Every structure is written in structure tokens, then in C-alpha cells.
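Each chain gets a letter, A, B, C and D, in the order it is written, and its residues are counted from 1.
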Amino acid sequence: MPLPERFHDIAKRVNNWGRWGTADEIGTLNLITDEVVREAARAVRTGHRVPLALPLRQDGVQTGAIPGRVNPLRTMTAVNWAMFGPDTVAISDDVVTMGLQAGTHWDGLGHVSHSGRLYNGRPASTVTAHQGAGFSGIEKVTTLISRGVLLDVARTRGVERLPEGHAVTSEDLDAAEELAGTRVRGGDIVVVRTGQIQRYLSGDRHGYAYPSPGLSISAPEWFHARDVAAVADDTLTFEVFPPEIKDLWLPVHALHLVEMGMPQGQNWNLEELSTACAEDGRYAFLLSATPEPFVGGVGSPVAPVAIR
Amino acid sequence: MPLPERFHDIAKRVNNWGRWGTADEIGTLNLITDEVVREAARAVRTGHRVPLALPLRQDGVQTGAIPGRVNPLRTMTAVNWAMFGPDTVAISDDVVTMGLQAGTHWDGLGHVSHSGRLYNGRPASTVTAHQGAGFSGIEKVTTLISRGVLLDVARTRGVERLPEGHAVTSEDLDAAEELAGTRVRGGDIVVVRTGQIQRYLSGDRHGYAYPSPGLSISAPEWFHARDVAAVADDTLTFEVFPPEIKDLWLPVHALHLVEMGMPQGQNWNLEELSTACAEDGRYAFLLSATPEPFVGGVGSPVAPVAIR
Amino acid sequence: MPLPERFHDIAKRVNNWGRWGTADEIGTLNLITDEVVREAARAVRTGHRVPLALPLRQDGVQTGAIPGRVNPLRTMTAVNWAMFGPDTVAISDDVVTMGLQAGTHWDGLGHVSHSGRLYNGRPASTVTAHQGAGFSGIEKVTTLISRGVLLDVARTRGVERLPEGHAVTSEDLDAAEELAGTRVRGGDIVVVRTGQIQRYLSGDRHGYAYPSPGLSISAPEWFHARDVAAVADDTLTFEVFPPEIKDLWLPVHALHLVEMGMPQGQNWNLEELSTACAEDGRYAFLLSATPEPFVGGVGSPVAPVAIR
Amino acid sequence: MPLPERFHDIAKRVNNWGRWGTADEIGTLNLITDEVVREAARAVRTGHRVPLALPLRQDGVQTGAIPGRVNPLRTMTAVNWAMFGPDTVAISDDVVTMGLQAGTHWDGLGHVSHSGRLYNGRPASTVTAHQGAGFSGIEKVTTLISRGVLLDVARTRGVERLPEGHAVTSEDLDAAEELAGTRVRGGDIVVVRTGQIQRYLSGDRHGYAYPSPGLSISAPEWFHARDVAAVADDTLTFEVFPPEIKDLWLPVHALHLVEMGMPQGQNWNLEELSTACAEDGRYAFLLSATPEPFVGGVGSPVAPVAIR
């Protein structure tokens, strides 16, 4: 099924190709200027830090439905190994095999293509088995720190978590922004809470994966209008799944990653953050969420922290 | 060879077992209080961010000398895969196998034992092949953000990089602290620059690994006196290697990780940071360096960022 | 729960410790002499070969129930990579991560210990995270080829496959030997068919795993009496599961691997072999089933072939 | 550099496309008929078995020169783990990450393409990151057993091992066949000994890899004339390296894998076999060398055994 007219209309409106030059590989992360970060540091009031990553473990969020995206398998290469002889210092070491998008992660700009193109008009064929992403590899994101704003859509709607098929629309984002009490601005990182991750946390991995609430096809225009640098949420698929429009799969991925050049994050645990923000009414914070610099990577695990 | 008297003397002086309770698993990270972080955020002046991680790649710093600590092998599980049919959005995904201590990383408190003991007196046998670190797994470090101070020992001594066998003593640290123009305080993260990583950056992986300058056995007492939360440097072995005292292997590891309960970082690239700090004379910054939360991990890759 | 009297009684009767010397590391494989193999080659009549391995793939037999025993994840490190420039020969390469016991495999003698001991009385502690099996590593099995005899218990009992909880007793083996029309002799490899693998082949991975028919605690004495070199079957757990005797877990593993020093194989696909043997009434063949020589391995994938 | 006229001339002469039908995926392995195997079993005289695989270990033959083709990293997922409680049977398990062509292996027909084509004219694009080899995956080789003939070129020339740049020509093969005292016939597996693997065995991994003796561009026509089913040797690159003809890289790979559809093996240890054959003058044997059935694999480790 080719992408429908409606998709292409939105794509045209949110497209950032060439905006930061034809050689650009980091898209909306260009919006995080020194000034933005300087301001973001002022969002730190108490010094309280809230971690947003899920623990990395064999029984992580992956169910096997996405081929090859394996949960972390961490094994020991040594346990109290007397490398230098007995009665002295002993070493334990470990090694991991994991899908880079298996847990709490960022999708890099190489993760998705449509119509044969990646962000900034690069040919999809520049992603290869041998090198990975020839352009916009995740290592190009050398730092990812800015002001974060929690848009707590579940709380705005007065529910524990959004219902399965709920598509988070621009109206939802407006309402959550109002609750947040701060206008989202250029260079911000937005974290959208649906509450869906509660399913995983309560042991229902399959229910977490599918069906799932998530971002609507109307969300990208909202983020584009605000000049947001990056967006993350607390679901496996990021966007509502199954999709809003029959046979239009992953349109939000395509709009964010390909058209806007905006990284997006999945499987972020926003439960503790939601409680903290609700308690003192402050929904903005310094958000530190730099991915691991895998050369050619199309994604990366991240251990994001909100500093309040 | 049993550990010598001298080691045990120092061990006694820097020991933190029980200081934060018998159940404690994070040691000196307890020193990073909300107040410390609130103050640390004030170190951000320009908003300039300096990344401190080496890119993660097959030709990383590991030479094969440490069995099993393999450089990252990142491969694609899909390249522009039309998961949902042709003419629609296509997916690229990747997976990695890597030693958790292969690149820029933190040593967790489970990484080293001596005399059958880990931090806080836990038996070394609580590290197992099956679960990894039963106590003090790297996932217990849920956030690692504080004020960072660069102690630029190479610059203090007026050299590009310290000579091979140079052991960084407490006198070196004093001098570098003076250059830094700020007194290291409780809860700070100290990053010590030897310049050794230049060898790797210039293509000499083996020369980088060994022989290497690094911390002296006198350094732990200095860090203990300042109540430092964590220390990282720009070498493979962290401490001077081969060791200062014949047949006394990895004494600094044992003092930091086992006695003090203080995480230590290796393979940090401090070159750009050194230049930046020297230019404006500001050696303190907000340092964000949260490890990936591998459950039971004895180490973790990290993508540290200095925010200035 | 300590091992019961009954277990120790059988253990005493089947024990082979010291039988081939105190330094021996391959146990019953010593029974495969040149003469045995020379005779085994005579079992080849038509030259027809029957493969007994399951294909190695992500949706293999593992369900996640055994921590860390991951199905094979094979990825490409290069796809038609023009390593030497365009218009010339292009290379594709691949890499795998897999549990050594994930698919069709042999359990090595290091796979199981009981009461702190391995085969030949070696301390269980000689298996380490750093080296794996210090004794009896799977690489010590340099060749594993002998006469194979199919004991088709399902066919003997006139069923497609044995019922879930069926424990294959020595009486079952007697009856199947009679059907086979050849007496099992010293150095033979016995393959026992339950039919259980049909569940996996029909898509029911969980049903295949558990509950499962398999060998009874009476089987080891039968194999010991015949001086069998190795035994394999077509189940995940090898022995009946859940176990025959409450709280006596994996007694057959312990008797075979620890007491007898006899390797055992699981997840062998015996369906095609069963048909072939039934058609011409010949249940003996040359069986080639050498494991991959992983140094220190406690198991290994194998691609067994019956040559008839 | 496009492939030269000379290459295309030979290609035309050895080409097997269509010979076994347009749907064929196993090429010259079709030559191993039941009759061939029945005859091959008669080559077993003493029952003596000679293993031809190198042990699989971290310090295997790979030097890092071939990106991603990593030596095996085997780690424990459990060591004497009391899965079912204390005082009962304890489990040790392991897992491996390795390049499928890292050690003693077969190249599958998907390993190499030239001019956009694979064996039987399949488009090179049928190899994908997602699925691996869409045609001629190594799992299609369900069994690989036939008569083996050792062509001991080093011994024929009266040297311990061939000099570095020696290209094994059809004349060399003729002479070695004469020494073998048996004419190579249709469906045979030929193993060619250069002695080069001695370098690896003596600890010189880099010297083993390069420069290396190996097969000449004249060899494929020899194998084609004899209707050989498969060929293996005791080098890393299989063919002489650097190549005989400037800028003509891997021509023998292209002729064997693409034009003939003939699997080829590398890193086989033929030293013990050479001694055994020389001792009794018998150079033919039953050779069992079935690869592991990785679905979509372009290669596979193998533990070949000569049964004499």
C-alpha cells in the first residue's frame, strides 16, 4: 500500500530537509543551543533526580514479535577471577548482547525510511548491513540534554492510563501543556505519558506491547509548531497501535524521523516522574538523555534522568 | 601474593563499610544529595556541552588482552525492511554484543573483590554467573549526576600527556586542584586527565593500554578526604600500570570499589574538555554520567557529558 | 531437598568413576573404539542420509523458561559488501549469538553436577565463569561417530507420540529394542523417540517444552547394562517432566552426566528417521554427531546425521 | 576494477547454472548420491577417526582484519546453579557469540556474489540483512557426508608447508592425486593441504592469515573436471593471498560459490590427517562434515571428521 495523500500533505508541512543545511545529520537536535541548555539548567530547583529508564534484563519488554530485537542477555566473562594470582585482587567482568531498541531507547534518524528516503533526502540505501547508518548514525548525537517537559496526558484526562486504542492528538497535547503550566518551546524535549507502561510493570508484557495507546498522526504537526527537539513516551510502539488509519503503518515514525529529523524515544518509565510533577506542580526539568555513541547505530539504549 | 601491610593500612583509613548502613549498595554515591545537585546545576554558565565518551565501534580500545572484554560488535537485524509491505514505511534495526567495560564505562562495585569481600563486607560469592552482582549491581546506580571537577594533571605539569609510568599522587591532585581554582567537595565527581588517551586517538591501541600512567596508591586517601562520590580518568587501567609496588596488582581498584564503595570510570576522553576548561579557566561543571541499568551488572558503558 | 536414598542406590550401580582412569574426561565415549566404528560403517547399506537437527532460527524451541538459553540470533555483518571495490567480488558474512544448548545439542559432562561433584569425582567448582568446564569440556569430545540404534518407543506402543507424562522405562526400551531387531551393544549411540517434537514442529513451542514425556529414572541402568556410549531423544528436557518423583529434579541428567559420564542429546528430530526405519525394518545405522569443539563448553549444537 | 576477460572465460567453462534445475539451491552437493555415500562407507578400514576442526576459542584464527568476523566468545549463563533448590542437581549453561566463518567452517553459496549474481543466477539482492540468504542458505545443506580425498600438496612437494605466495595449480593437484593413489571422482570432497595452518598452531596468527599460499585460479577447472562436490583447505583465505592477478580479488571464491555452486571450507586442520594418510598410504576416507543448519546462513562452523 503506497502512503496516502493525507500523509504526504502532513509530511510537506513538517518537513525540515535542508533547514540546517544539506550536510546536516542531527535534525531538530540543532534546536538545542547553548542558550537553551543554559535556560534549562535553571529548571533545577530541588536537585531531585528521577530516573526514567527501565532496568535492562532478560525479561524486558520485548516479546519476540519484532524479529531480532532481543532483550538484554548479560553474562559474566569472569567471576572473582584471580587474574594476578590467588590472595590478591579478583576481577568480575560482564558482556551483553541486546537489541539497541530493546529497552528504554532513542530511535535514531536511520531507524526508518519511506519512499526510499531518510532524513534530509538521503537515499535509504545509505543504511547498509556492513556499516549501519551511513548518515545520521546515533553517534552523531554527541549530547542530548535540554529542558524536558512532561505532558501527562493520562493525568490530564483523569485516568490511570489511556485506553488501549487511544491516539494522543494535538488537543490532548494542548490540554496536557495547560496542566503542565509552561508553554513548550524551541529545543525542548517533550515526554508524553500514556500510563501504558504500567502493564509491563505489572507483569503483562504482551498487553503492554499490543494493542497500545500512543501518538496520533496529528501530533507531529504540534511538535513541529513548537520546534521541539525530541519526543519520548512510555509505550513500545510510540504511536497508537494498531494504527488509526487502515494500512498506514508507522506514519508518526516516518514524519518524525524522516521528515522532521527528530529522534523519538520509547519504553520510558514516566510513572515516578508523573507523581513528582503532580506533587509540586512543576512539569519542566533539566532532562539528560544522551544515547550511547554506537557508530552507525540506528538506535541506542539510554538512561534518561529528569533533574528537578 | 597476599596483599601487603601497607595496603591494609590504607584500606583501614578509607574504609566506608557500614557508613551508610549495613544494607547500603551504592557507597559514596550517597554523598550526592539533592542539595549537591542543586548546587551543581549552578555550575552551568554558558550551556556548552562537552561529550566525554569514545565512539563505540569494533576498533575500540580493547586489544584482546583482557579475556572476554570484547569491543562492540553492532550488526543490523533489518535494513529498510518493509515489515508492513512494499511502498510503505521501512525499518532498520540493530543489535550489539559488547563487554560492559569495553569502552567509556563505569566500574560498578561488584567489579572487584579482595580477601573474599566486596563493598560493605558482602561475600565475594554473592557475584554469580547466573545473576551477576547479587549486591551493588550497576542498576542500583539509578542516577549519576553531580558537580564534576576536572583535575588536569597533564596540564598542571605542563605536558601533553604524562609519561608512561607516571603514578598520579596526592601531590599531583593538589596541584591540579589549585589549577582548577575550586576546592573539590563532598559529592563531587572528579575526572583526572593524564592525556594517555591521545595514544588511542592517534591509532596506537596497544600503546594506550600498556604501559600507562594512572592513579597512585596515594590517590584514594585524597578522594576519601574530599568525600568524592566517583572518579574517572582517561586510561584503560585507571591506575598506573604496571603497578607501583611489585606484585601488588590493582590496589586502587580494591581501595575504591571494595573499601570505599566508590565507582570509578575508565576510557573517558577528556581532551576537548581540557581545552574548554583551559580557555575560560572554569574547571567545574555539571556532569551527567548515569550508567545503563543492567540488572546485576558489574559495569556499564556510559556517555558522560560535561555541561558548562 | 537432598537427593533420596533411591537415587544414591542407582547412582552406585551405574557409576563409572575411575573406570577409564582418574584422568579421564570423556566417560562412556571411551567405549567407541576403532573396532566399534569399523563395524558401524557396515551398517551403511543404501547410503541414504537422514538429518536429525532442527533448523537453527530465532523461533527455535526455547521459550524463555530457561534463563539465558537463547534461541539463535543470526545477523549479517556484511551483505554483498564490495570489500575490494565496486564491480568485483562482493562478500556477505554473518555472526550468531545462541545458547549452546538452545537447539539440537549435546549436553557435555560439565553441564550438571550434584552433591558438589562432576563426572569422575571432579569438584563442581572446576566449572568457572572464566573458563567454563575445567574438565570434560565439550572440546574433549573430538569425534562422536558410532553405530546408532533408534529405539522408537512411540511406534512400539502404537501411538503417534507418547502422552505428556509418560516416563520411558527399561521395559519400554526392551520392547523398542525388540522392534529394532538388533541388540544394543557396547559403544552404540541410542536415540529414543517419543514423538514429542511433533508439538514443536506443529507450532506449539510451549506444549513441546512442558509437560513432556521423557526418560524414566530406570533408563540409566538399562543404558549402563548395555554399555551405551551416548543417548539422545526428541524432547526439550530429555527426561520426563515434571519428574516422576516429587522434588527429585533431573535425576536422569545426574545419573548420565555425573555418575556414568555419558553425554546426552536433546531436541533431536527423529520423525523422518522413524519413517525410514519403519519402511525397511532397519533400525541401526552409522550415526555421525560430533559436537562443535567449544573450549570449556558444557554443551554444543550438533547436526547429527544417520547414514543408512 | 571489473572482472577481467580471463575470469569470465573460466567462469563460462565451470558454470553449473541450470544443471540441476532452475530451482536448485545446493549446486555440486547434488553429486553426492546415495550410491556415492554407500561406496564412501567402504573407505572405512580401521575405524580410526581424525578430527579436522580447530578448537573454538577467543584466541582463534581471526585477527580483526575481517570486520565483524569475531572469534568465539563463549560465556556461562549459569555455573552450578541450584535451579531447583539447594542439595539437588545443579546446572551449568553457556552461550556463544561468533562469526559463522570465524573458525573451521564452510562457506555457503550465499557468501559471495559477483556482477550482481549468486549461484544459479539468483540476484545478489536476495541476500538481505533481515533474512540472510534468501536462496541457498546453509540450512539447505542438510547433510554433507561423502568420500573424502586428501590432496597433500605440501607433502607432494616435499616441504613442511608451502611457501607464502604459492598458488596451488592444477599441476599440483595432479601430483597430489598421484601421491594419494586414488583418482578423485564425482561427489568426492577434496581436502587440500598446504601446511599453512602450522603458523596458527605455533602461535603466529597474523602470519597464518597473510600472506598465504592457497588455491590458484586454475584449480576450479580441475575440480569441475572431476565433478567434486566440495573442497576445503587449511588456510584462512582458501585461495592464494594476495591474489595471483593484480586487482583480481577472490576469483576462486567467485568461481566455486557463484559459478559452480560448490561449497568451500577454510581453516581445516589437516596435520594429523596428513600423518595418518602418509603412514598407511591411504588418502581416501569417509568424511563427515555437515554444517550447522542456520536458516539463511551464508556460512557455518563445522566439526569435520575423517573416518579411515
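What we mean here is this: a residue touches a chain if its C-beta (ideal position, glycine included) is under 8 Å from a C-beta of that chain, and two chains touch if they have at least 3 such contacts.
Bear in mind that the values here come from a model prediction, so they are computed numbers and not experimental data.
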Report summary line: Every chain in contact with both subunit C and subunit D is listed here as A, B
Report task. Would you mind telling me which chain pair, B-D or A-B, is linked by more contacting C-beta pairs? Result -> A-B
Report task. Quick one: report the Å distance separating subunit B from subunit D, using the average Cα coordinate of each chain. Result -> 45
**Report entry** Whole-Å separation of chain centres (CA-atom averages), subunit A against subunit B
**Finding:** 26
Requested in this report: Hunt down the residues of subunit A that sit against at least two other chains at once, touch-wise.
Outcome: 67-68, 70, 73, 75-79, 92, 95, 97, 128-130
Requested in this report: Specify the contact topology among the chains shown, as one of line, ring, star, complete or other.
Outcome: complete
Report summary line: Interface with subunit B, subunit A side, in the complex: residues 1-3, 33-42, 44-51, 53-57, 66-70, 72, 74-80, 83-85, 87-101, 110-115, 124-125, 127-129, 132-133, 139, 142-143, 145, 247-251, 253-254, 286, 288, 290-299, 301, 303, 305, 307
Report summary line: Residue set of subunit B touching subunit D in the complex reads 58-59, 64, 67-68, 70, 73, 75-79, 81, 92, 97, 128-130
